[in-house]
Each structure stands twice: as C-alpha cells, then as structure tokens.
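Two complexes are shown next, each including chain A; its partner changes from chain B in the first to chain C in the second.
Moving on to the complex of A and B:
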C-alpha cells in the first residue's frame, strides 16, 4: 500500500525542483510586474513606497499616441515579416526537397543566418545599409542607380528585410522536415492520378503540411512580437518612432521616461497578446488531437 | 499483339544491377501475377511499368508503343499501393475522384462514376468519411475504388493485401477475384504470397534474384515447375527435396539416398535418358506421399511433429537427417516417434539436376 502511494508520488517528487525554480525565476518577477503595473512607480522608489493608481496606467496608454504608434509598428512588422517568411521559407523547402548531389551542403548554408547572434546580425546589416560605405548603396551607385536612404526614409522596410533574412531559415527547416515526412506513396499515387508538379503541391503537399505550417506561423508570430536586439542595434527605434517596436518602447519608458508602472502595464499588454497566440497554438494542437481521436473511434466502430 | 511487353528490362542502382534484362509478354485483359521472395525485383518491375522508377535499360511497350520515357500520368495506368496511399485530407469521394477532377471532367459524370464504383465496392455509406475514419479493409476498398474510377486500360497492384489481417485478406482476395470477372482490363499484380498468385492469376511470373524463373498458368507452374526454386516456392506445404544417386543394378535403375532405395518405372527411366551425371534431386510434394505399410517403392520416415490443421495434418518427419513433410488425412492413426512407411508415387515425382537445379521432364 505505502509503496503504491510512493510510486504514484514519484513523478511529482522528480518535478518538484523544476517547479520551485520556475516559481522563483518566472512567477515571482511576473507577479512583481503585474503588481507594479497598478502603481505610480519611479525608479528611485522601492515598490512599497509607491502609490496605488488602479488601472490608470492601462487607460493612460490608450490615450498615448506614441504607444499606439509603437503598437502599429509592431503589428506591421510582425505581420509583414511572418507572411513574407512563410512564402519564401515554404517555397524554398518545396524547391529543395529533392535528393541532388550537394543538397545537404546547400541546406546547411540556408539555415546559417538563424545561427548568428542577433546583435551580430544587427551590426552586419547596419554596415550593409550604411548610406555611403554600405554594400547596397555602393553597388547601386556603381550601377548608376543612385543611393537609397535605407535606415532613414525606409527604416521599417530595412529592418523587415533583415528579419526576413535571419528568420526565413526557421520556416524553411520546419517546412522541409514536414515535407520529408509526408507519405511517399500518397505523392506517388498523385503522380499516377495525373497530378502535375504544381497540382501535387496545391492538392497534396500543402494541405498535408498545413498543421505544421500553422504551428510554425504562430511560433514565428510570437517571436516577431518580441523582437528587440536586431532593431535596437540597427536603428534604436528611429528615426522618430518609425521602427520603435513595443519592446523598445517598454525599455525607453522604463529608463528614459522613468515610468516603471507604465512600462509594466505595457509589458502586460504585450504579454496578453503573446498569451493569446500561445493559447491559439495549444488550442489548435488540442483540436488536431481530438480530431484524430474521433477518427480512430469511428474507424474502430467501422470494423 | 501483346498488350504489355517488357523487352530486356533492366534496373541498376548505381553499379548494382537488381533486374537483369527480363522479357515478358502479357496478353490483352490478362491477369498477370509477379510473385517471388522479397528483393526478387517484382516490385521494381511494377514501379518501372508505372513510371515511378527510371528504366536503366530495355523498353516497356503498351499496345506496341514504347512508354519508358513517359511520365506516369501519360501512361494511362491506375495503381493500388500496399499501404493504400490514400490522400489523408480528402474524404472517400474526393479520394476516388481525384484523377477525374484533375482531368476537369463534368461534375455530373464524376458523381455518377463515384456512385457506381462505391456501389460495387460497398462504400456508398462511407463517401463522406476521411481515410482515418475507416477500417483497414475499407481503406483497401477505397484504394481499389480510386483505381476503378479511372477507367484506365491497365491496373497495377503492389502487394495490395499484405497490410490486412489474415481473415480480411482471404475475404478481400475473394472480392478481388470477383472484381476481376467484372472488369476486363490488363492487370499486373505483385505479391510474395503464392496463394494469392495461384488463386488470382491467369499467368504467374515467378521471379528470383532479378530474373524470371518461370511463367505460365498456375496449373502449369504447379505441375511442371521448370526448376528447383519454382518447385519449392509454389505449393504449401512446400515440396520435399531428397538427394539421391542413380544406380543401375540387374537391369533396373534405382534412386538410392540416405535410408531409401526406389526402383524406377519405365517412364521414369525414359525421363532420365537425357540426364548425364550420377546424382539427382527428387522433388516430392507432401500430398504425394501416402501412408502405406506394405508398399514396395516407399521411404521410411521418422515422425517428429504433427501439425493438426483440421481435416488434414502435416507431419514433419526425419529421413536420416533430411526434413520431409507429409500431408495426410487427420484421422490416419499415427503416433509421434514412430517409423512409418510412405509410398512414393513415381509419376508425380519431380526430378532436378543437382548442378543446374533445372527440372528433368
């Protein structure tokens, strides 16, 4: 009897250390931030000395044009990078899903950008975008096309391009893995049924990859909303507010404007947005599982 | 003119040749079964006909036209795969109509065709289901249905029953035989199961090691196997092989091996006239051994195991180190460990050259 109880408890005992660390390292700061977001808080004060202001930090943000601008920039950035990355990543995967000589080298080359530290990516692109010595403008000028004010007039577009360069490989490898795990014989059956290459992609490959693509897309969106380093290094949010994504706005609110309560409230908005995406992803997974379960049950009844 | 003809068909993977220039002719509307152990090249041959594998050498003709350079879709074939290869995201109706929809046939015609085929296969109630919601046998039927809606001139089957359990396999085999009577098309069927081959085929092609060993009607192959491999492959329980020496003694010819001596009759003597060499391999089907304590031309066997399978039993016996199987009625009174006499029927005995393993007729 006691052994049985002990056996049942074993997994929880093993989990306990991780739970304790998670609670300390994750839940405590999170609680601290949520608590702080309800207070008028200057960095010179300790949290205990601050004044409780209710939801006014949250309401204030909606009247703040800069916050709304920053939210718009973030949404524009996230949606455009993820959609372009999905198209290029999946397209590349469809192109490179074949066994040719040297293909593995090519695949490794394609995923390199993802492995470079974000700060390095930011620096690299800043130099490449440099108005006079950057490779883009030098090339354009030597071709007689004149120069482009990359990080000035087209700052958002420029950081979008850099992000696409860095994160398309992520979608590429996941799509490639999905493609390679597709049932070979279904594709062969499609060839015999008379499907051309395009028709195979549209009618068989893409629909079968869809579960992976949806999860990949949500993962990338979550990441894109949290982006910081590359943009920090490239533009520091400028010029003006043109590339000031939420993460940068939060950090400036906390350090430059010394409004810790407002910064905390802003963080919570971002957290809610990410939570929404995460829940959507989990719900989608759950939905898939339920559908598979249902199919299995029906199949068993069919025997 | 043969409907489908393979001429010196060869397949190489790199330097390894797996199919060594096979020649085969299949008549119009013939049900041809390629059978052999795994790795014998039967599936490769089928996949080359389908266009899923490149042809390394030789040519495939359909109605006299070379097709090995054509894409699968240009060959007018339908194929049933071992793992069904259904499209998981489409329901049964969509699966069956995929080819027709790609051809942009009128909707009315497609629906009519699906209804017709579904009716024939008993799938009418399942048209809206996805493959995951079907049992193994139903999925198998959908795979057949997908091939049938195509109206192709040629049907290819790649071990279509091997993923089913034993009972379902027998049932589907019978259904296939029925379908075969209704659908007069060229059919090429690959299997490793010799019972499927024997029951379904108009023509069996036995393959081994990338060569065709023998082809002909099931009866021909069973009664007159061309070599030891074919003889051992077709028939359950398999044929017994006993090594013997040919000895002449007092005007008679004897087959003498370990523990037996059989006197040849006149017919057998005549068969031996073309055979040089003193050794021979005797092939005796388990059903051709008869329990008979008094018979003269007989072998004495030591019964080791008796496998009861109903009306018949299979005895696994020992004959001085050689394993011999005997099939006989279960009510024959026999005890394990007994030494018993079995009559050998000279007429039904197969003879093989021990060197070339070819049959001596």
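Moving on to the complex of A and C:
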C-alpha cells in the first residue's frame, strides 16, 4: 500500500522543486513588476507603501523624448545587427558546406566568441576601438589614413560591428546544420538536371532552409533586444544617448534615477515587444506544422 | 556529397584563414596584452617584441596569493575573492539546475503531464525575458519580500551565527543570486533533457522495475547514466550563463558577494583604465568557457541547434 502511494506521488515529487522555483523566482517577479508599473515607486519604499498612479508611468514614457530616442536606437541596433548577421552567416554557411577535413575545428573556433562573457567581449572591443591605444586606429595611422573616432562619432556603428563579430557564428552554425540536414535527393536531382551552383542555392537550398532561417532570425532578433553588457562596457550608452538601448535605459532608470515604477513600465514595453516577436515565431511554427500535415495527407490520399 | 576531401580553390583557404583570424584575433590580442605592462600597451611597441610578465595576473589576484608583491604596496582590486564567489555561484547553480531540471524532465516525459509543445513554448517564453526586465522586480523582492524577520526563530538563528543587522534577506547572499540563475536556466535545461529522455527505451526501465527497483532507483541507476550527453550540454549552458552574467548579480550582490563581471565593469568605467590588469582578469574570466568550448564543442552545438533545426 505504501509503495503504491509513493508510486502515484512520484511524478509530483519530481516536478515540485522546478514548479516552486519557477513560480517563486520568475512568475511572481514578473507579476510584481506589472503591479509595480502602475505605482509611483522609489527604491527606499516597499511596494505596499507606494501610491497607485494608474497608467501615468506609461504615458510619461510615451512623452519622454529620451525614451523614444532609446527605443529608436534599440530598433536600429536590432534590425541592422540581425540583417547583416543573417546575410553573412547564411552566405558563409553556403560557402563552407563542403567536406573539409578541419570543419569541426573551424566550428569550435567560431563558437568561441559566443561563449566568452559579454563583459569580456565589451572589454576587448573597447580596447581595440581605443582612440590612441587601440589596434584599429594604430593600423589606420601607420597606413597614413588618419584615425577614426570609433566610440565617439560612430559609436552605434562600432557597437553593431562588435555584435556582428560575436553573433554571426550563431547564424552560421544553425544554417550549416540546416544545410546538412537537407534531403540529398533533391540536390542530386537538381545536379543531374544540370542546375548551376547559383541555381541550386536560389531554387533549392534557400527555399528548403527557409523554415530554419526564419526561426533563427527571430531567435537572434529576440536576443538582440537583450544585449546589454557589451554596450555597457564599451560606451555606457554614450556619447549622449547614441547607444543607450532599452535594456540599458531600464537599468539606469532603476539604479541612477531611482524611479522603479517608470523602469517597470519600460520593462513592460520591452516585454510586450518581445512577446510580439515570440508569438509571431510560435505562430509561424504552428503554421509550418499544419502545412506539413496537409502535404502529408494529400500525399497519402494520392497513394 | 562524398566523404573524400575535394580539392579546393586556393582563395577558399585564404578565406578560411581570414575567418579564423577574425574570430580568434580579438581573443588572442587580449591574451597577449594580458602579459604586457601598461607601458608597453600604451607606447605601442607593437607585435611580439616585448618581455612577457605575469605581473598583471599577480596584481589581479593579489588578495589570494600566498606571497607579498614587490610592485604593489596596497591590494586594491580583490579579484581573488570575486573569483571564489563566481565559482561558488556558477557551480552551485549548475548542479542544482541539473538535478531539479532532470527530475522535472523525467516526470514530464514518463508520466505525460504536458505535451512537448507546452514545454518548448514556455522555454521560448522564458528565453524571451531579458535580464534587464527582471532587474526591477528581483531587486524589490529580494530586498523586501523574500526576507525572514530577524525576531523569528530562524532569523535570529542566522543573525546570531553569521552576524549582520536587519532582517535576513536574499539580496546580498550567494543563495539569492543562485536562485534567480536557476529560475532563468530551468526551462532550457528541462527542454533539452526531455529530448534525451524520450530516447531512453521504456522497456529498459520496466525491466529494472521488474527486478524490484523503485521509481527513484530506476531514475538514478538506469535513466541518468544514459542521458549523460544531454546533461553535459545542459551543464555547459547553465554554467556559462551563471558565470558570465553581470546585471542581476550587480543588483543583488553586496560587498562580499561580488562576482568577477561586476569588478570588471566597475574598473572599466573609471577614467584611467589599467589595461594590463583588466585584460588579465578578463582572460581569467574567459578561460573556463574557452576550455569547455575546446573540449565539448559537439555538445554545445547540439544545444544550440536543438531549438531551430529538427532531426
């Protein structure tokens, strides 16, 4: 009898710790944040002592020029980073999809930038961009081309370049995996029919890779909105607001300006933006599955 | 495509070399600079013509070295202690995440609670949440709500044994940081382990149960050894996040629980950066992930591609 009860309870015992931790440290904080975004909240107060202010934090942000600036910077950063990375990453994958002896070594070296702490990545690039000490300006100067004000005038571009360095390999590896799991028969058939390399890429490889590419693109887009440490170390959001992305602005509003309510409202805006992307991705996945199902059913009926 | 290596165009190899230089170059540059004195870095005696020194590493680790340093009269940067904090936080959160995640994944697969769709959906939802969004609520909760009253039995016990004033709160402790890291990593770990547990044949477990093993024994003696590759991938990803994370740790830690990324950021924002020392610290912070990458790149790639590429 006792073992029977134990057996019946096992799944719940196994699940309990995970459920408790997720509820306590993730769901509750998120709810707490949404609740806090409707309040005038100072770090010295507990949430219970704060005053209810309705949607005014949200309205305030909407009229705040620096919030809008920061939103624009975030969108500019995310979109340019993802589009450049997609082009380079997919291009490299198409180029390097051959039987090479050192391919696994190559892939190992490519994932290094992703594994290293973002703080360290920011540190390396800040050094390389340094106006007088950095390697870029030194090389330019010794070639007689004059120096570039990397983290000053071209701060956003410099930050974008650093992110491209770090994350292009992610797209490269995912698209390479997609390429290598393509059905060989389609490629063989195309080759026998005399398709050139370009024709194979445009008419066969890319369309077949499309589902993976879209998921990769959305994943990367979601991650691009989360970038914080690299930019924090490189520019601290400056000069001015030119590289102050939303994540950075949230942390500054909370720690420097000490307005937790506003920071919470801003977090909510960011979360809604990301939710939109995630839902788009899930919907796309569902849509793909449905289409695959229908195709299979039609094929079965034909048989 | 056939297995034998094809003859490639020379330009192709040139491109490969260029790519490798681009991806490893900045890391190598930091590695070289961490052995240079600041004078050499700034004066720009470029290339490899310098006298390598481990002085930067000594300065960084001055609070844990057993001997006195001649070039330093005061140990200002306490990186050694921060390394120990980082290690404790990263290791403990990795182990706990794996244990809890493993149990949950097993229950989800074998007892058919929720479909895989639900789990992958929630994994994605959590992946979507930026640490910056968690900053405000976690700061508030860990400081104000997740506290034990110092007048209560447990609170006074902790205060008597470990000292300190005020209520006993999660903020400023290792456990506070560990808790949020576990929560951030759990969905991904559950999700990746699920895909490995599904592949363990049911008959194997039933055979063990026939032989009289209880559910816990089946889990620990039969299932766990079979999903080692999945565990490795999950462990690397969890460790990497816990080891590298800056924002939440900086909000939750106090003077004694600072991790290495926090110290690096704090020492960067000052006007006069000591490049040599900071790069040595960066190198030390980068070494564990680099080692993992070199020895377990296959598992990392499995973990990375698991989401987007099926099959």
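FYI, the second predicted complex is superposed on the first by the 286 of 303 C-alpha atoms of A that agree within 3 Å, B and C clash if a C-alpha of one lies under 4 Å from a C-alpha of the other, contacts with A are read in each partner's own complex, and residues count from 1 in each chain.
By our rule, a contact is a pair of C-beta atoms (placed from the backbone, for glycine too) under 8 Å apart; a residue touches a chain by one contact, two chains touch by 3 or more.
The structure presented is a predicted model; accordingly, all values stated were derived computationally and were not measured.
In the superposed model, A:65 makes contact with neither chain B nor chain C. Of the two partner chains placed by superposition, A:143 touches none, neither chain B nor chain C.
Contacts of A:199 after superposition on the shared chain: chain B is touched, whereas chain C is not. Once chain A of one complex is fitted onto chain A of the other, the partner contacts of A:271 are limited to chain C, with no touch recorded for chain B. Counted by residues of chain A touched, the larger count belongs to C, out of chain B and chain C. Of all residues in chain A, those touching chain C in their complex are 3, 6-7, 10-12, 14-15, 17-19, 21-22, 24-26, 28-30, 32-33, 36, 41, 43, 46-47, 92, 95-96, 98-101, 104, 106-113, 115-120, 122-128, 132-133, 135, 138, 165, 169-170, 173-174, 177-178, 181, 184, 212, 215-216, 219, 222, 225-226, 228-229, 232-233, 236, 246-248, 250-251, 254-255, 260, 263-264, 267, 270-271, 274-275, 277-278, 281-282. Within the complex, the chain C residues that touch chain A are 1-6, 8, 15-16, 19-20, 22-24, 26-27, 29-30, 33, 41-42, 44, 46, 100-101, 103-104, 106-108, 110-111, 113, 121, 124-141, 144-145, 179-180, 182-184, 186-187, 190, 214-216, 219, 240, 243-244, 246-247, 251, 261, 264-265, 268-269, 275, 278-279, 282, 285-286, 289-290, 292-294, 297-298, 300-301, 304-305, 307-311. Against chain B, in their complex, chain A makes its touches with residues 183, 185-186, 188-196, 199, 203-204, 207-208, 210, 292, 294-296, 298-300, 302-303. By the touch rule above, chain B contacts chain A in their complex via residues 50-52, 71-73, 77-79, 81-89, 98-99, 102-103, 126, 129-130, 132-135, 137-138, 146, 150.
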